[in-house]
Amino acid sequence: MKTLVSLGHFLYNRTATMILIAALALGAVSLLLLTLGIAPTTIAVAIAHGSIFSWQKFSHVLSLWIPLLLCSCGLLFTFRAGLWNIGVEGQIICGAIAATALLREGSFGLPPALILTLALALSFFGGGLWGSCAGLLKNRGGVNEIFGGLGLNFVAQGLILWLILGPWKRAGIASMSGTDMFVKELWMYTPPGWRVAPAALLLALATFALTAFLLGATRFGLTVKATGNNPLAARLYAIHPERTGLAAMAIGGGLAGLAGGLQAACVYHRLLPPISSGYGYLALLVVMLANYRIAPVPAICLFFACLAAGSIQLPIVLQLDSALSGVIQGACVVSALLVHGLQKRHKGEN
Amino acid sequence: SPLLAADYPFGLLLVGPANDHGWSQAHFEAGQAMEKVLPGAKMLYIDKVNPADRQGITIPMLVDDLVSKGAKLIIGNSDDMKDGIREAAAMHPEVQFIHISGDDAITGKSGVNLSNLMGRMEYGKMMAGFVAAMTSQTGKIAYLGPLINAETRRLTAAAYLGARYAWTEVLKKPAADLKFKVSWIGFWFNIPGVTSDPTLVTNSLFDAGHDVVISGIDTTEALVVAGQKKKDGKAVWAIPYDYQGACASAPDACLGVPYFNWIPGYTKLIGEAISGKWKQQFLWLGPDWQAINNPATTTIGFMPGNALGDSQKQALTEFQKALAGGLNLFTGPLNFQDGSSFLKAGTTATDDQVWNLPQLLLGMDGASK
Amino acid sequence: MIELTNIHKTFGKVHALTGVNLKAEAGTIHGIVGENGAGKSTLMKVLTGFIGRSGGEILFQGQKVRLDSPKDALRLGIGMLYQEPLDFPQLSVLDNFMAGRAVFAPVEARTELARLAATFGFTLHPDNRVEELTIGERQQLELLRLIGDGARLLILDEPTTGISKEQQDLLFTALGKLKTDGATILLVSHKLEEIDLLCDTVTVLRHGRVAATRQRPFDRDALLQAMFDSLPEPQAPPEPKRGGIPVLEFEKVTGSGGRSGLQKVSITIRAGEVVGLAGIDGSGQGIFLKIACGLVPPESGRILRFGAPLQGKAKETGRTTVFLPADRLGEGLFPGMTVREHHLLAAPGSALITSATGLTVSRRAIATHSIKGQPETAVEDLSGGNQQRLLLSFIPDGVRLILMENPTRGLDVHSAAWTWRHLHSRLHADGAIVFASPDLEELMSQASRIVVFYNGKIVLDTPTRATDYQRLSRAITGQIDPVGTC
Amino acid sequence: MDISLPSFLAAIAVMAAPLVLAALGETLTEKAGVVNLSLDGTIVLSAMTGFVVASRSESLTLGFVAAALTGCAVAALLAVIGVWLNQSQVAAGFALTFLCRDLAYFLGSPYARQQGPQLATLPVPFFSDIPFFGKVLFSHSLIVYASFLAIPCCIYFLYHTRHGLLLRTAGENPEGCWARGINPQTVRIIATMTGGTLVGLAGAAFSLAVKPGWGQPQGCEGIGWIALALVIFGSWHPLRVVAGAYLFGMLQLLGIYFQDSFPTIPAQIFQVAPFPLMIFTLILIHLSSNRKNRITRLFSGNPPKWLGRAYRRS
């Protein structure tokens, strides 16, 4: 009974905080819209229409949700280890490159499911490798992981462009629209009327479950948490903080790479220059808004995916720029920081 | 007797912002014009259709959305959309598709509900090269290229041929004195970290003594920089691209703009679709030589700019007449940049040879691949 | 000149100061003494407004004054030399001298600094970076800055820790000069000889209260008696065990860290010994322990543990050696994680962890170590004493070398006794316990051998039986010339 | 492409001008112990406000003022979260980066690719005729001169004024600052806002002078990250930071020339190179400065001791 009451209290507090954050963010954005003479409600209706009011739209939302969730899961690992992994974009790209390297060769007469599985495994390794690079730069060279990651993002960007316009160019003409499409049998199965591959959806759900499991229910997760919490103390418990950090970067990069592999294998069916689509940065915002906790991540990813998908309606219906969705996403995170800070101050911790 | 539908929504997918004063805006305005030209036609558009601006964007998804809003015909305005449009066309056989700048209708990679539309910008670029050479005082002309592919090679070569014609045939100067430099930035517009910075490239082109820069990219950096230099008293000019109103960003440095006018193409293809006469085709429309800036009839126009001198304007008119009269600049002898022969003396290039130009031409300075 | 009445200060739940009264006259030097954590620094910081006070009044020249911030203090001419130097290591001497002044005049400041330095016989190069200076020079600089800023009431918090004899002499001469000029000086010190030498009055603080106030001449024993909780009759110290195999050997080991680092220390600790390390905070005992457990690599010298050279890897430390640091939250625990999670991390076990895993282990540890908390309590919510019990509960079976800083800090008498019984029972037949403690009573009653550190060196190494409180407290305050083992 | 050395140097000076302003602004901020990671978004947002205000009011001055205020306002928000509320400055900076960028695209959309006012070149009489240096230093627009002037001003302020000294002390040891009767929180907030103002000016320098106009993309995206990297790897010294800014300008230009000089190497390499090359040059300098030899020690320097750490009085 007592635990139930305290659980209730806990949920109530969390919910109240969430409502406060949303009210502040949406209030500020609404105010901005009103000063521009736009009714916030019409925007909300348009976005809702474009995201959740039909299965087709919602399945589009889900197709955005998958990579966002994967990248966010990866970031949960790195944040737990106390690292700012800003190189997610580059890791997505490397994952996509690794998957493409296999998929563009065709199926070799092997079962497509096998090839696809292999390609996704490769993408995990590709992204993981890129993540480890930033980790190594930090461990060996003392290079702040923010700038190491940023530099590696640019390098990955260069690499993908070079591949697309050079060695992997389309038959005939190199084109920014990407490499040639993979052969049809290597497209992940999407049922008619769906805009998302069920297998990818399952993979994302499984990844989230695995992340929650690894971080929440294994010794490894505890080790990562301890490292991020107090690297100084970690050594007393026979934990190697640097090695743990590197492992977190590799897993984080791997999951981002997996997102990239899925983008190539089941969304675009080819490698194209902007394959990372800014998911890496968006995922950073997701995890910050979740206050680095695991549980809220899928819901926030869904919310962000709805905004991203629904905002396409803004130019169609209201002739408004769809960057508004980014404004709402950013405003949510900023107000979360404000609300959490004010709460701490109120409690006298500040 | 066209059976005009009372209501005919069509969708337009724009790769860039609808107000980019360039490629996308030209399409957008043509789409708007359709609502007047074709009674009942109603445009639905989505702009910034590219994965960098919109996460997880795929053409089939957007087409679904437009179709669910009633669109009976969809236009995709970018080469990037090639695969997506093809896929969407297969998914929606009941809907007609127009892909701008592709060639699926020729190669047969798509179903009959997809047509291609493109303008013969070669002519526009020839005129651009022509006025550039007529105006240049240093004899050094530069071309600000986007990325290297068959289309851009073709357009760049056309500009060079126009310039060479002006230089040797009109001005009667030795061909060797004409310098034609191509500098590629890497994409249709500037993406920091991915492309060279067009502002910087244009500046260095001018600094290196080129006095006319012909822009092949979708945004107006070249003209803006020329305008700045002009204000500082330098004798430099630029020629923007794509959009009829593009000179507006620096009218005093603008020699003119070769532009696309999509109204005739749209009118034909959409009109046929409305009246049930749709058939798959590859439509490659050129200028209306009788009225090169007539919005109803010409697909390629050239709008002279404020900076174009009177005598040059006169010469341009003559040049346009010659082109209308059958002058073909893709006539041999022409050699490729590497010295190999492209056209033997007396032969003219086929459409296919021009469309798939494999290299820049001899006399042009810059990367071919 | 200055009078503090009924000063209170609390940090959250900690009562650092309770009803402190203190009065200092112009032209005198007033000493403040007390054991570690008695509240000396806190009282001084309250006096400068550096930290706010929870209650009490301050009278300056008979007038009640606000003193809410250092700004107020500076206006009244109150300046303080802090225990942890509050200067700017990466800035130049001149910048440090000028920082905070109302006018920026480098040229004038340079001449003023030179003039003041000459007056007191200090040598300071204005363009050197402060991080290149010795602690003593940094203090000289701060002192000159305060005098330059017109301070008439000078507070010095342990100014002689970590400075050389020459610098100390210079400092004392300077203080004498200032006193003659009519300034008031409050001197916080652990070193009774300094008090004897300089002070006119002395106030003893204990547990945040005034334990005694004395005028010169001082009775040394009475002061010591007032400072340390009690000087009970010495218990029979444990029998020193002789002839055990060497557990830990240091040969001319030098390392940096703490206030004074470690300077060419050689010592051999044998099986069966319980070695107590004594000394003022930061005299070398802390860094000795960290080097011994492999957390900090030494700069030079040779270390053998169980007869084999130390690799300095964290992994090794786990099974055979444990280290329990003094800064429990900062170096020993993971704030934000629960007691159970700590137990899980401390002991090898299953790779899978559910909310039930380790619950019994944790419960048992909580029970056997009388930790006031639940397995799901976050460690930062434990009281300091319970945090220490938690750390003790991590010591796995079979550990041969137990290294500890302040093992019973914050424990009540009862649990301290329990803890020591517990520790002695854990003493491995082939192992040893080495602990540092500021508590003389604890050292005398628990250690079989006592090693006193002063300025990074061992100044006394003796079987507990062969020493007494007086001798130890003198050694701790540096009153014994460095000698080897007796 | 052949180009004279003065033209080459002059082009670097122009292209680097906004970067110089932004990097100096961030240097001021970080010297006070605050990390303002929002630079990239702030630059885009202030480029937009600068352009819109200048074209609507037809006053360049108002445009620059508006951009400066924008930068200052974003920095103030960061200071509230990161200094006053003691929240993670890095998190706040990240969130603001993306918020500002999208806000700029959303609000600026109606003004995209419109013709707008731009700062004219103003050769300094007499000086601009000096051979070589006239072209390099004295034939620019006001904002480029401002970027030149900002360098000595910034150095003078930081190292030769009372407030500059206070600013450094707040980043070095806020407790020491407090012990000297100065509230480090106030110093940090003001420094953050001052730095933000310079960053705002950098935005306007783009949209009103160096890359006149506004659109999506404006062309200044990504520069903020370079500025941030410059501050770290320039070891928090304005002079080295600025040297890095000019190095970046040079890399960008060289990329264009090398495209011609090495026709066998794919052109894309040179197009993509400057950004990663810059970051990795900086990383290399950083790595080699860990080893203590005399040349690389030139580049080594330490971060302000309390950088990114909150301070609060007990």
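First chain written, first letter: the chains are A, B, C and D, and each begins at residue 1.
In this text, contacts are C-beta pairs under 8 Å (C-beta built on N, C-alpha and C of every residue); 3 or more make two chains touch, one makes a residue touch a chain.
The structure presented is a predicted model; accordingly, all values stated were derived computationally and were not measured.
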Comparing A-C with A-D, the busier interface by C-beta pairs is A-D
In terms of mean CA position, the chain most removed from subunit B is C
Roughly how far is subunit A from subunit D, going centre to centre by Cα mean, in whole Å?
29
Averaged-CA centre spacing for the pair subunit C and subunit A, given as whole angstrom
48
Express in whole angstrom the distance between the two chain centres, defined as the mean CA positions of subunit C and subunit D.
45
Would you mind pulling out the distance in Å between where the CA atoms of subunit A average out and where those of subunit B do?
38
Where subunit A touches two or more other chains at once, by residue number
154, 157-158, 161, 165, 321
For subunit D, residues contacting two or more additional chains:
109, 216, 266, 268, 272, 275-276
Hey, which chains are touching each other here?
A-B, A-C, A-D, B-D, C-D
The residues of subunit C that touch subunit D in their complex are 11, 48, 50-52, 69-71, 73-74, 80, 82, 86-91, 95, 98-104, 106
Complex contact set, residues of subunit D against subunit A
37, 77, 80-81, 84-88, 90-92, 94-96, 98-103, 105-107, 109, 216, 225, 228-229, 232-233, 266, 268-269, 272-273, 275-276, 279-280, 282-283, 286-287, 290, 312
In their shared complex, at which residues does subunit A touch subunit B?
50, 54, 56-57, 60, 63-64, 67-68, 154, 157-158, 161, 165, 172-178, 181, 195, 263, 267-270, 272-275, 277-279, 282, 308-309, 312, 315-316, 321-322
For subunit C, which residues count as touching subunit A in their complex?
295, 314-315, 317-318, 322-323, 325, 330-337, 341, 344-346, 349-354
In the complex with subunit C, residue positions of subunit D that touch it:
160-162, 165-166, 168-169, 172-173, 175-183, 302, 304-305, 313-314
